[in-house]
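Chains here go by letter, A, B, C and D, matching the order in which they are written, and residues are numbered from 1 within each.
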Amino acid sequence: MYSFKNDYSEGAHPLLLQALIDNNLENNTGYGLDKHSLLAVEHIQKHLGSTFSKIYFLAGGTQTNLLVSSAFLRPHQAIVSAYTGHINTHEAGAIETTGHKVLAINSPNGKLTPKLIQNTLDEHSDEHMVQPKLVYISNATEIGTIYNKEELSALHHFCKLNNLLLYMDGARIGNALCSADNDLTLECIAKLVDAFYIGGTKNGALNGEALVICNENLCTDFRYIMKQRGALTAKGFVIGSQFETLFKNNLYFELSNHANDMAMVLQEGIKQLKYDFLTISSTNQIFPIFPYSLINILENDFEFYIWQKIDEYSAAIRLVTSWATKPETVHMFLDSIKNITLND
Amino acid sequence: MYSFKNDYSEGAHPLLLQALIDNNLENNTGYGLDKHSLLAVEHIQKHLGSTFSKIYFLAGGTQTNLLVSSAFLRPHQAIVSAYTGHINTHEAGAIETTGHKVLAINSPNGKLTPKLIQNTLDEHSDEHMVQPKLVYISNATEIGTIYNKEELSALHHFCKLNNLLLYMDGARIGNALCSADNDLTLECIAKLVDAFYIGGTKNGALNGEALVICNENLCTDFRYIMKQRGALTAKGFVIGSQFETLFKNNLYFELSNHANDMAMVLQEGIKQLKYDFLTISSTNQIFPIFPYSLINILENDFEFYIWQKIDEYSAAIRLVTSWATKPETVHMFLDSIKNITLND
Amino acid sequence: MYSFKNDYSEGAHPLLLQALIDNNLENNTGYGLDKHSLLAVEHIQKHLGSTFSKIYFLAGGTQTNLLVSSAFLRPHQAIVSAYTGHINTHEAGAIETTGHKVLAINSPNGKLTPKLIQNTLDEHSDEHMVQPKLVYISNATEIGTIYNKEELSALHHFCKLNNLLLYMDGARIGNALCSADNDLTLECIAKLVDAFYIGGTKNGALNGEALVICNENLCTDFRYIMKQRGALTAKGFVIGSQFETLFKNNLYFELSNHANDMAMVLQEGIKQLKYDFLTISSTNQIFPIFPYSLINILENDFEFYIWQKIDEYSAAIRLVTSWATKPETVHMFLDSIKNITLND
Amino acid sequence: MYSFKNDYSEGAHPLLLQALIDNNLENNTGYGLDKHSLLAVEHIQKHLGSTFSKIYFLAGGTQTNLLVSSAFLRPHQAIVSAYTGHINTHEAGAIETTGHKVLAINSPNGKLTPKLIQNTLDEHSDEHMVQPKLVYISNATEIGTIYNKEELSALHHFCKLNNLLLYMDGARIGNALCSADNDLTLECIAKLVDAFYIGGTKNGALNGEALVICNENLCTDFRYIMKQRGALTAKGFVIGSQFETLFKNNLYFELSNHANDMAMVLQEGIKQLKYDFLTISSTNQIFPIFPYSLINILENDFEFYIWQKIDEYSAAIRLVTSWATKPETVHMFLDSIKNITLND
């Protein structure tokens, strides 16, 4: 059985495990104040240029998002998100548990634009309604699309103009930055958003996300909020060491590149077999539309999610590749489609 | 520099790391539904006998405590804790962030008794006050003491009688159960409390606590609460695999035993040097009282916390040992005291 | 200047004020345990027949809704509401502040149906998403429509089948029950929902809503939740006395009837002048569509809200009548339209 | 049966009721934006001199306190209070429900001092603990004592120095300011605290408290927080009108003066009968210590709370007087004691 279900089915890249072994018996300071965390911060900050930034290592995406909500907002302030945004649909109400409303906007490609946000602002004009304050975007989005520089700059300017904060969920930021269509860098992003995070869990770490806060005002007492939400990890050096390894050289991007490459081979191959797609992706998630007859047979050998019913006869499935996806598996999948289609 | 600061300065026991390496490229189901987590549950349940139990793997102690608070209580219900309880003093208000009050009781040895709790019940009689509902105890306590079977049974009966829930914070439950004074087992505990957790972070794991819920009513939808608080770990198999290794054989208790032994050597050695103690411990935290002159010199070679000022001339320090503490380090510490005392 | 802005511009019906004066120097027990509150409960319960019910007097609608959310739900549970529902759009995130998500459903007439709710249930299938638990409906709705017996029974059965709670916001329940299209009674409603409230503020009281909980399980410790949210009024007898007066005889329904009558005269009159409506109402809110040229002139003498832009030239306005609206004012408004239209 | 149970057993002073009747059929703007609320603000501001202030009318004390907690604090910040503080003991965890911890300090007279607060600051030094941020004091306190100018100035300076906010619960501020021992004015208080409230419910209003925020930074979006907590009253003019009447002339202080006078007659009379007191009060709550034999007989004709058991034979009771307490009732109570004592 081969899995294309997600990019967090395997453990960690071997270099990260090796570093954990090498550091294992050191006496490290707790709670992220250790030397590995500090080195990881240093390595990441090199990518951010001279932009102001504070970096906090956290254990997962939902945790990171709820900390941002808790730390950045006053009680009456709301988060604007695409309807497909992870915080809106797949975090069991984590944001609401911090007391804040998510104002969800329908967007066909999973992305927000100033125009879409303006509608929401227009609808929320006084104290009888929540106050939109933070714009949440994902890059790559939950459906594989990415923001380019022009789009992100437009959001940046719109947010400044409207006194909004801009926050990027970067669970798959490596995949976005390594996309063939990308023209952003970590440094660009740091200049254009108030905060974003660099996802580790979906890109080769056992666990861990690096939250980068670029707006100095938002850093005050952030570690208190971490502690209070159970996110100040006693053995913080475990996450620190992993990010140290990921960013010491270019490993982080190599892993994303590999995942994207595997997805592109899949997408290209399926396209050549004349199948359609729900959306064309340039990252590590692709969404081919297959007849159920094909899906049913593929499910004998491969694991994946059925993403969306198209009609009585077909559905879009989601295939996700990771740093650990083997080229053989990808080719086996393409061969399977060919064989099944031939035999039809 | 040798550290007696805490029991979470090192990484994981080598056998746990080895298992992570062995499992690394498996395609595991996410969110704790993998085979390693299931095996870990099985191994732990053997220790619990036929008692009803559901086991949930979480990332840390504060996270576990706040989940319990969030899942078990209605909004107006409060937690009764010793003043020294971790939730009262060292979790940055995590419980209050879930909306609940901690009713703190002064207790010289860090333990609660029916009599102490009764006072709190008496003071909280109607809807103008919070309703005491969950009794929080730590075993071992934050100052190294432990509960014996008689004490825990008394609390159990008192809680049943008063419609209270009983919850044990087991960050150092291994140290409690391996103490020379202990007469409890995991099975006993499971019968006497509504929930407790088995701490991994302080006993040889990279991270991870196993929350055992023994009261079936409290299990309903617990995974929703986990997800919502950012505690449903994508790569749940990382914690699962570690508990599998800790409980497959008796490794968990071996590690606690070692930590306790090291502490007892220290305590015995210091006692023979005629120093007094803040409290006599039978677990892996000890609290000798030293003159500042001695403390200052010891700080050149060893790290530890000054726990409590006694008078102008002396203070109690806290020495914590772990699964990784080496006998040499312990003897080096004792020798240092002797040498310094001689040279005085 | 005459106001059709809302039904809470005036104070209280004179009989309510008189009762306050009559009772003023009594020594009443605090916090709603006084004799007037008890009598008010008795009077209301006569309308509920033998249905189980507990009645709690609260100060306003948003307060009532947030108490329901806080008391009835566990943290991961969500409220299903029409998009136009008061809790979704006009309570500044009160529900989210209690930690719960509002799952909003688009509905052209402001009402929910089993089919609409089923879609939401289908989308929320596991612990990565919130759990839909309470169905919130308003009767009359925020746009003047009402539920009939068949519709409410269908919701009742659907909720039972799906283990959902059904709650009716009755800020304007009097207007609903006095509508010409209505076939429900308070007793019917009490049998079909888990809880509902009888609005006083919008029907002749200085303040006050009577929350009726018909599901015994939901009553436990409700007064604690009231106290904790600042809703246990010291001088509870002020609200109690008002509901005593409203329900001693049939004053409550007389007031709603009057408000409805005034609205129907307005609606009928405007219809005869050949204007269209956003929605046809049978309660005390009506929504005629007028050209801006007409609206602008009307605004010189009357206050009302512009509810929704229709096109460049016209908009729907909202006209609300109350227990205190005078027939003269209604006729003056109709005359104004005629005069302006003639002069056009 | 005559009641000394509390100062909120009666309705409103007749002049307040008369004003409600006079204004009853006006078409007032909702939500506290009406002319009566504006006039009330104007009248109160005259008492505050040139000090910056924004005034918000709220419905009760617990509601006011939880709004302050919600609006002024970030999630990790805590409130410092005397153990006897209303927020600590008699609000069913309202503060904790907003997510904040109350750090309670034992104080024999119910008052806080810089020294007492300093201890709490010393214990809360890093992100593992909550951050003390707001100092909550009551004036008069829950046990009848008051702050003088020197004490309040000392707190003011201490708070400024330590970056703390100072907030005064003024449920009985009228009684404090009319005490024979008082040297403060509303203007003084406004200069020395960040916010305080002027209690109406306990001083002659049907309901209502006037929250005065003197620190401009704390006003931002306060009305959103009110709405979100169910505290933005639709018929805000009801509270506005009452405060207009209370502060148009000196009615507010006349009522407090009367209540204090009645209490002082009681205290003086009891003192002459050679009974002791738990604490000597100069406001409208007094705490005589009586033998149970006396208490039992008094309870036949009078209602009051037994406040604290002193020993097997005696207890302190609490007698509260109000704007409506009649001199006859006070003398009847004193006569009763005399008669019972004689007959003993």
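Operating definition for what follows: a contact is a pair of C-beta atoms (placed from the backbone, for glycine too) under 8 Å apart; a residue touches a chain by one contact, two chains touch by 3 or more.
Quick caveat, the model's predicted, so the values are computed rather than measured.
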Inset, instruction - Consider the two chain pairs A-D and A-B; indicate the one with the greater count of contacting C-beta pairs. - result: A-B
Legend entry - Chain of greatest Cα-centre distance to chain D: A
Inset, instruction - Between chain A and chain B, tell me the centre distance in angstrom, where each centre is the average of that chain's C-alpha atoms. - result: 34
Inset, instruction - Could you grab the centroid distance between chain A and chain C? Build each centroid from C-alpha atoms only and quote it in angstrom. - result: 43
Inset, instruction - Express in whole angstrom the distance between the two chain centres, defined as the mean CA positions of chain A and chain D. - result: 51
Inset, instruction - Please set out, as single numbers or ranges, the residues of chain B touching at least two other chains. - result: 75-76, 91-93, 97, 99, 127-128, 130, 224, 227-228, 232
Legend entry - Complex contact set, residues of chain D against chain C: 1-3, 5-6, 8-12, 14, 17, 20-21, 23-30, 59-67, 91-94, 97, 201-202, 206-207, 224, 227-235, 237-238, 303, 324
Legend entry - Sites on chain D touched by chain A in the complex: 70-71, 74-76, 99, 127-128, 130-131, 221, 223-228, 232
Inset, instruction - Flag every residue of chain D that touches chain B in the complex, lowest number first. - result: 75-76, 78, 89-93, 96-97, 99-102, 127-130
